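Below is one structure; the comments refer to it alone.
Chain lettering (A, B and C) follows the sequence in which the chains are written, and residue indices restart at 1 in each chain.
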Amino acid sequence: MFRIILTKIAAGLLTTLGVSIVIFLGTNALPGDAAQIRLGQAATEDSLRALREELGLNLPLYQQYFRWLFNFLQGEFGTSLASGNVTIAQLISDRYENTLIVSTLTAMIGVPISVGLGIMAAMFPGTIYDRFLTLGSVTLVAAPEFFTATLMVLFVVFFLGIGNAVVVGSIEDKNLAELITHFILPIATLCLVIAAQLIRMTRAAVLNVMNSPYIEMAILKGIPRRRVVMRHALLNAIGPIVNVIAINLAYVVTGVIVIEVYFGYAGLATLIVQGVQTRDYILIQTLGMIFCATYVILMMIADLASILSNPRLRHPK
Amino acid sequence: MSNNENNEDKHYVAPFSKEVSFDELQDAPPSGKFRLSITGKLGVIVVAFWLFIAIFGQFLAPYEENDLPFPDDYSEFQKPRPGAWLGTDVDDRDILSRIMYGAGRTIGISLAGVLIAYVIGVTLGIGSSIAGSRIDQVLTQFFNILLAIPTIMFGLVVVAAVGSSIPVLIITAGAIFSPVVFRLSRALGMEIMVMDFVEAAKVRGEGYRWIIFKEIWPNAAMPLISDFGLRFIYVILFVSSLSFLGLGVQPPLADWGSMVRENLGALQYGESVIPILAPAIAIASLTVAINLIVDDVSAHAGGKLSGRL
Amino acid sequence: MSLRKKGPKIMGDFEFSDLKLHQQQEIVNAVRKGATRRDIMTWMMAAGATATTGGAIFGSASQVWASTPKRGGRLVCAGDQHGPADTLDPILCTASVDYWRGRMFYGNLVRLKADLSWEPELAEEVLVNSDATKWTFKLRKGVEFHNGKTMNADDVVYTLSRHMGEDTKSIGKSQFDMVTSVKKVNEYEVECNLETPNADLVNSLGTFHFRVVQDGVEDFSTAIGTGPYRCKEFKPGVRTVGTPFENCWHGPGYLDEMEHFGIGDPVARLNAFMAGDVDMMVNLPGKAVKEVEAAAGKEVWSVESGRYTSIVCHQGVSPSNNRDLIRAMQMCMDRTRVVKGELKGLGSVGNDQPINKAYFDYSPDIPQRELDLDKAKFHFEKSGVGSTTIPIIAAEVSQAATFQCLALQREAKKIGMNIDVQKVTTDGYWGAVWMQGSPFNVTTWNMRPTANIMMTLAYKSDSNWNETFWKSEKFDKTLVQVRGVTDAAERKQMYHDLQMDIHENGGSITPAHLNYTDACASYVKGRTMVPLNNWGGAEAPPYIYRDDV
């Protein structure tokens, strides 16, 4: 079993290395370079050449790659190409708090509620409650995020008159009440977005276990349905549920571009969009690596959880 | 379905514990004819309706998608009125016509994107599950790398690199969703490969073709079909997210996601909210309808599908 | 300064507060520029108002202008696109968020006013020799930087020399490249020597890239300037916070704190503004103007400007150098729809040349080109292009940039012209598409301080930004000559010829000039009206205050 865990970790590292190559080559394929973007309409031959040399854009590709990878491993993310004098570490540290607070709170609020709702739906399959939840979550899946967000703003801010339409200012300056009013909308919207998938998946995972023979046995033995779900089914459904949670958490950290743009706060996902817009290769590469590492780690945890919870996977044939 | 009595024989040959024999009841290929529930039938009707619009909508639409119903009128987001039965959009164009033009484009892009993802994912996934460990490891590792890259970020970089056009959107969507399909079909393949009736077939000395088409495919088809429906919806959402960032289907072309995006202002300052509700409802109705069908299919497939996603 | 003939169309009796907010601002702006009671009355009566109304309106407008600033309060300002490329280095500023920040923290040698004339700021006196080849700046004494150092000639020499030389990264380089040397004459006097005459140099020095920085400074992680606010926090792409600088030579900024950041998404920006989360916002979509005007306590802050959006026809390649095709396209352009439909009237119809009435040297005698499908058809048939697809590369580089192409495409279809609009993303547009050889693409220009600077940048054959690749010796010659002409009538005629030349022979399809249309809460006072950028030319930070504290 120790071997399995080590294999998983090794595979994770290998994935991360592969990702680094894909990301590096991908970002270099972008048209226009950082020097052009930075000078914009004002670019002239001379000023372009000067800036390119300063940024190291004239080196061969593989040299740029190794230089970057080596520095990255040492935690030296380098300087943002687009800004010239701001380090990437600085850019990230200006933003990670927003991302952290939104993703943590979404995870703390959204995940338990959605999983709970999903389990309840599985407990009473076919009832009105179940149908309402499944249909509701399907409709939510269908709505583009920015549409959900707009409806939320209209309802919460303009109709109820509470909360802020955008996040203004920095976290340090805010007391708890202000934190809540500023972040309530992005968090609520995100909770809705992930709830849709989580409810469906949890329900399906639990129902799936509920169909197994040993549960049928338990039900036949006369154990109350609630107890069957909580004591027997849930434990066995942990693997797939954790997996879905991990995917959704990775999404909350890396995929919330639309939410961040819409609620006007600076987070890591927006930073990558801005990186693409300014052709800031190093920024895209660094963030890409961070995002992928987040994903790999979360998936590793999910894998380990399902291995631990499933004896059959613990001892593969 | 296609399983013959050989399987049944095999079950009685092997010395199974009680628990395993329960297991095999459930894992055995689904039997009986596939029937739609009432909600499933409703789903089929709605999907058929949209498919009809997707194919013929542009011929039936009252205007072309960039045309103005009222050339002398400069006010946007108008209420429904004769000549524009769903009102006008942000650039004074006819909503109804744009929905009809958009149907073909939205459904077409998603369908093509998902098909690409499926051709790549299923072929390699099932292939990988029977091909043995070396190839399997390489492919799995490769797709894990792709899977680790956040979708929107991937889409953003690709579309920014080569410019947004419909083929680019389709191929990007295909590339983004193929790892998930690969993972699913590989998992399905693996699961079926270790099932007793397949091992029996191997022992009997059947070739790969037999195993793929007679053993794996019948068992994997239903879960794959229901996943296909979900993936389809994710592609619509993916393209609309790109539209939000200005990278989706480009004006003046209409697609539902970008219509929601460009008419977002109607909620704030529009005379009518139909310009945004119409495309949103179009997406929602199609999604819900597909899901209703998917629910039926996955119920038929034994309800195990979702665990594998 | 006399008022323009064309005022807002208003009828009957009404009060100042009945006017649309942007009309109010237009009048206040006129009063600031020195319009008299008589001017306003004549103007209003020409627009259909009674004499009493005209007089009353003058009274209210002067009142608005004359209100006394109050100290205190906090202001949250929402710009548009921001990101890691945000900078505090004046020579690298490219976005309106940068310009606003620059004005918070720095000062210029001279300051531009609403009518684009200039007044001394850090330079107390500006002297120029007769042929405009030597400029002397006598600096204000006792001006203190945020770190306590007193400004002197060294700082100014350093500031200006950063725009010079082969390797300079300055955005303002082309406005300064005729300067051969910048010399310190004494502690408070700086002298610039020019290769060729340039009477507009001083106007350039009032713009965004020529903010005065301290001698030798290379680190721009914070801003050490002479401006009314000091930089408390600067996080690129996150936010900037300024607090009043007590020792500012013209007094500290009025606000206790000014916070400034960008909200890239227009819908989100409007949400934030309407919800009161931010006090002012840039680039109000024309279609949302009604909504803001109807809301209590919200005002439109619109400044009429020479900014424009246009379709570039490359004169060096086919088919965009086909004169008849260009004429046909110009006549297919539905200008009214661009101005009324997209800009909702917050702009004016363009006439295929860059100079409009916002410029001092505008020539009103050029006939307006209209949508005329019959003539367009005639020219189109003469051009021999036939059913060949005409590709226009478009990106939403400004409001209406894409819209103009769609409006053109729609009309062109009616005469059998087959236009294909290829939309690309805004980011990377300037590097990857603009001036990269495509026959047709969109462009946008901010207003420049003078017509000469504008035409030199965009149409002089040797300009780096001659986007249409138009080469006309006659045009170039007149353009350089007119810089030295002092006779008013002759100058007027020459500028007329220049504009007419572009209108007739140039490669631009210019459907509209755009106002800078922003919005702010009613309590935001001390707004400027300089038409060079958003928020009154980003000139407001020293004056802006909250009326409700």
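Throughout what follows, a residue touches a chain if its C-beta (ideal position, glycine included) is under 8 Å from a C-beta of that chain, and two chains touch if they have at least 3 such contacts.
Bear in mind the structure is a predicted one, so any value in this text is a computation, not a measurement.
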Message = Just to be sure I understand: the centre of a chain is the mean of its C-alpha atoms, right? Then which chain's centre is nearest the mean of all of them?
response = A
Pair joined by more contacting C-beta pairs (B-C or A-C) = A-C
Request  = Just give me the whole-number Å value for how far the CA centre of chain A lies from that of chain B.
outcome  = 22
Task = Please compute the C-alpha centroid of chain B, do the same for chain C, then give the distance between them in whole Å.
result = 48
Message = Can you compute the centre-to-centre distance for chain A and chain C, using the mean CA position of each chain? Integer Å is fine.
response = 41
Inquiry  = Please output the residue numbers of chain B that touch at least 2 other chains, ranges allowed.
reply    = 160, 264, 268
Remark   = chain C residues touching 2+ other chains are 267, 271, 274, 427-428
Ask   = Using the touch rule from the top of the page, what residues of chain A touch 2 or more other chains?
value = 30-31, 146, 150, 261, 276-277
Request  = Give every residue of chain C touching chain A within the complex, in rising order.
outcome  = 76, 78, 81, 83-87, 89, 92, 94, 166-174, 219-221, 233, 235-239, 259, 261, 263-265, 267-269, 271-272, 274-275, 277-278, 427-428, 430-432, 434, 464-465
Key: chain A - residues contacting chain B, complex   = 11, 14-16, 18-19, 22-23, 26-27, 29-31, 134-135, 138-139, 141-147, 150-151, 154, 200-201, 203-205, 207-208, 211-214, 216, 237, 240, 244, 250-251, 254-255, 257-258, 261, 269, 272-273, 276-277, 284, 288, 291-292, 295-296, 299, 317
Note = Contacts from chain B onto chain A in the complex sit at residues 19, 22-23, 25-26, 141-142, 144-154, 156-158, 160-161, 194, 233, 237, 240-241, 244-245, 257, 260-261, 264, 267-268, 276, 280, 283-284, 286-288, 291, 295, 298, 302-309
List of chain C residues in touch with chain B within their complex = 267, 270-271, 274, 285, 287-288, 290-291, 336-337, 340-342, 396, 402-403, 406, 409-410, 421-428
Query = How about chain B: which of its residues touch chain C in the complex?
reply = 66-68, 74, 76-77, 90-92, 159-160, 163-164, 246-247, 250-252, 264-265, 268-269
